[in-house]
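You will see subunit A twice below: alongside subunit B first, and alongside subunit C after that.
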Partner chain A sequence: FRLIVIGDSTVGKSCLIRRFTEGRFAQVSDPTVGVDFFSRLVEIEPGKRIKLQIWDTAGQERFRSITRAYYRNSVGGLLLFDITNRRSFQNVHEWLEETKVHVQPYQIVFVLVGHKCDLDTQRQVTRHEAEKLAAAYGMKYIETSARDAINVEKAFTDLTRDIYELVKRGDITIQEGWEGVKSGFVPNVVHSSEEVVKSERRCLC
Partner chain B sequence: MQYLWQKGYLLFCFPFSLLIDTNELKMILGELKYRIGIQSAKLLRQLKQKDRLVHKVQRNCDVVTACLQAVSQKRRVDTKLKFTLEPSLGQNGFQQWYDALKAVARLSTGIPKEWRRKVWLTLADHYLHSIAIDWDKTMRFTFNERSNPDDDSMGIQIVKDLHRTGCSSYCGQEAEQDRVVLKRVLLAYARWNKNVGYCQGFNILAALILEVVEGNEGDALKIMIYLIDKVLPESYFVNNLRALSVDMAVFRDLLRLKLPELSQHLDTLQKTANKESGGGYEPPLTNVFTMQWFLTLFATCLPNHTVLKIWDSVFFEGSEIILRVSLAIWAKLGEQIECCETADEFYSTMGRLTQEMLENDLLESHELMQTVYSMAPFPFPQLAELREKYTYNITPFPATIKPTSVSGRRGKVRDSDDENDPDDEDAIANAVGCLGPFSGLLAPELQKYQKQVKGSCINSNYVWSQATKNKSGFPTALEREDEEDKAIEVRGEEYQMLPQLFQDSYLEITIT
Partner chain C sequence: KDVNRTDRTNKFYEGQDNPGLILLHDILMTYCMYDFDLGYVQGMSDLLSPLLYVMENEVDAFWCFASYMDQMHQNFEEQMQGMKTQLIQLSTLLRLLDSGFCSYLESQDSGYLYFCFRWLLIRFKREFSFLDILRLWEVMWTELPCKNFHLLLCCAILESEKQQIMEKHYGFNEILKHINELSMKIDVEDVLCKAEAISLQMVKCKELPQAVCEILGLQDSEVTTPDSDNGEDENVGMTSCPTSAFQSNSLPVLAASGARDDNPTEISMSPNVSRVTPA
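What follows is the complex of A and B.
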């Protein structure tokens, strides 16, 4: 599957993806210039592995005209906002409109992600209102943190599972080969970013 | 000396004193003469040494000149090559310095890293001088501590991006000062050019420049201005990165011309991906990479020493170097890419290859630059034409530039509008752009085109402005051709020769 990650700049799109695909959190990361991509395998049920190709996008407004070309080759997407940044939450609506216009008549299965939930003390968006917004658009809502590796795995696998279900039901038609495992730049071991962190922590103790 | 001063002081204090007898005065005089003698000899020695060194520098410069001429193409213009460390006064002096340094940059060793800062600064200073800038005033304004009313909107994004600028030297506590300087430079540029402001990716450019100028923020700003305002195409970073999109499209055409097999292979992968995804849309496969390369001038994807060499070259040869380097990279990667059977596989492979390029010196910098210089004459044939064409006609799938396809393409509204705003005005502008006079079209087509321009200008002012821009390009071409050879009749075939003629006239200009 191809997933796209969108949202305002500095909400943590690249960090979330890095945590998911590489199992680490970088304190410092470059702003994404244009688009970037990552891939990883996920196991959504025993023996059922799906290769995800995740597209990262630049958040700055002037990149929009270039990044939007990549909406249409994605079947699913994570729409991120930063729970400590009210503005990024307010822009969620705009992002949805933007994608809707550009993928019509097709659809992208989105999940709304409230990112940086480790910074609960600086929270500016309540879980309740985010859930309400997500429900209004028929999306799931999940809160994640790349720093503490909270729900990162879940966000991606849940989305993948949902898409998989839709595909099985035939709501989304997908050509052959999308779900298959292909050779190439795919790590053989399906590692879980959360497990990695736990083991790291044990080492530190 | 100390002693003499004391004596003098005594003399002054006791003007009427007769205590100092003539003998003592004579002694002082003698000593003074002796010391003057020593100092004069010393001065003379130093002057002679200076002369020797100046001569030595001159001789070394001459040696460099000779070497440069030896490796040059030995055209008439090359015999005038004269190497100096700094430009001598006047426009001629600068040009002479510029030509020589340009030749140095082309050598396999390139510009020595000890010179780089000075060379870049000289170029930037010359540009600022040419647009008559009061630099002190500019510095006061751009580096003003107090905030401007406009700062907020620009500053926010800069601050947001800053804490995460990934140059390894910019993280941690010690780098705090570096980050402050970087921020000041970025804000200063944004204040200098409000139209461009701040674009994600600038932090990468500025960080590299700061490294070269050893953290001098004023110098960094100068070079940043020279690079973005002068060297790179206009609106590379603004207006939805329009010029960047143009260059991405131009690049695909160049790839088709220079590496037809690879280009064909990529097109096939893209088409297959389009078909398979059933209604989805796969953007041209090279875009992800060229976009990043163009925006950061390779700063994020090649090793530092290679990047600096490329930048030297960009400063002297212009932005076409970026396209050349990209072509050279794809040529190098071509073989491995041609093994890929799907778009997904292509991206996976490229993910691995880009990592290798950055970390393992997959491309040897000398070899890369030789390819860059030797792949085509300067200026790159057809580049200007292609850029012009796409400036008015950005489509994701440009058909091959065949004159015959022109009439067939006219007026056809593309369904893939992803790099273009899908409004009607643009569709017409596209049609006009398709008929760009330089892509080798035939005379009858030209007449149709002019009619079309007349017709479409009734439709909307916007199209009119586009069309006039396009049209205005055409008479100049004619004039130039007339200058070249009045005997050439304006017939279809000749248009195809235009690029060649341009090239000749370029050579002519450089010779005279």
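What follows is the complex of A and C.
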């Protein structure tokens, strides 16, 4: 499955993906310029492994003309906002509109992610209102923290499982010339964020 | 906000409340006022950081940054027209150097070379160490050996990675991933030599397409005025180069400076440029 991670700049998109794919949290990370790519396998049920290709995008408006090119071929997306930044929550609506226009005729299954939930004392968006907004758009809502590794696995695997169900039910079909979902042989290796060493060694080959 | 995430491992910017950070912030704010229509765009902090490091002074660094931004302005504008132009120019150059590789990239939906976006936007700032960047930028600012030398640097890096990309049959995803992961692994000296070698070959090339001349700023003097001993030159070129080198599409070239005699830089070329005289 190909997923895309979007949201305002500095909400923590890259950190969330890094935690998920590398099991690490960087105190400082350079602002993303353009688009980055990550991948990881997840096991959604015993023996059923799915390879996720995750696109990390630059959050700033100006980069939209480049990042847009990557929406189209994605089947799912994590739409992030920062729970300590009200503005990033208000922009969720615009992000959805923006992607909707650019993925037609396809659709992206989104999950709304309230990020940085470890900073609860600085919270500017309540869980209740975020859930309400998510429900209004038919999305699930989850709160995560890359720093404390809360719900990071869950955010990605739940989304993957939902997409898998939709594919199984035939609501999403594999189409020629669309890269969102591809079926095929997946190598028999699962590395999760707990097995960082193994994955790093693999990369050196 | 990006101030807090620019080059924080560098001594000049590390730690909390470092005066370097305040300067970085203040200069960017001043620039926002100076060019209000453009505002702040991500990537600018990357361009400013080395300048401030060298100038160590807010006023000087600001004016250096402002004139650097004069060059880079289009890259940061609303539609990023500068980026689009550069990507097209890069693809023109790459096609001349290696049309086979270009076709491969196109077959993998990567013909627009979007994977070079970061290289071009912030002039390799994230690809090399801080000190290497100081060196590389200084080279680029000389506009020597030709205009848009950074595009030839791109070509040099791509040419080095071509084999792996094509042999492992990398697709759209893998190409982007591979290119992004080159960060901090590229040898600056090596790339400079290769890029210079490419520029020398282009300058010597007798039938350089007009578009390429324009990109590299090679007008009149070198290209359109034919050499009096034209034919002889080509003969020299042919004889001084072993025929096998042409057959393997690989032309050994010595970069004028930098490359040592015992270590000639090899650049592989597509057949349509292999008639150029080696330097």
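Before moving on, here are some points about what is shown:
One rule holds in what follows: the second predicted complex is superposed on the first by the 175 of 205 C-alpha atoms of A that agree within 3 Å, B and C clash if a C-alpha of one lies under 4 Å from a C-alpha of the other, contacts with A are read in each partner's own complex, and residues count from 1 in each chain.
Assume a contact is a pair of C-beta atoms (placed from the backbone, for glycine too) under 8 Å apart; a residue touches a chain by one contact, two chains touch by 3 or more.
In this text, all values refer to a predicted model and were calculated from it rather than measured experimentally.
Steric overlap between subunit B and subunit C is present once the structures are superposed on subunit A. Contacts of A:R62 after superposition: both subunit B and subunit C are touched. Within the superposed three-chain arrangement, the count of touched residues of subunit A is higher for B, of the candidates subunit B and subunit C.
In the superposition on chain A, contact is made by A:P31 with both subunit B and subunit C.
In the superposition on chain A, contact of A:S39 is made with both subunit B and subunit C. In the superposition on chain A, A:A136 makes contact with neither subunit B nor subunit C.
When both complexes are overlaid on chain A, the residue A:Y106 reaches subunit B alone and has no touch with subunit C. Counting contacts by the rule stated earlier, residues 9-10, 28-39, 53, 58-60, 62-63, 65-66, 69 of subunit A appear in both its interface with subunit B and its interface with subunit C.
Remark: subunit A residues 9-10, 28-39, 53, 58-60, 62-63, 65-66, 69, 179 touch subunit C in the complex.
The residues of subunit B lying in touch with subunit A in their complex are 157, 160-161, 163-166, 170-171, 199-201, 203-204, 237-241, 244-245, 273, 276-283, 287-288, 291-292, 295-296, 300, 342, 344-345, 347-349, 351-352, 396, 418-419.
Subunit A meets subunit B in the complex at residues 9-10, 26-39, 51, 53, 58-60, 62-66, 68-70, 72-74, 102, 105-106, 173-178, 182-186. On subunit C, the positions that touch subunit A within their shared complex are 1-2, 4-6, 8-9, 41-43, 45-46, 76, 78-80, 83, 114, 117-118, 121-122, 126, 172-173, 176-177, 180.
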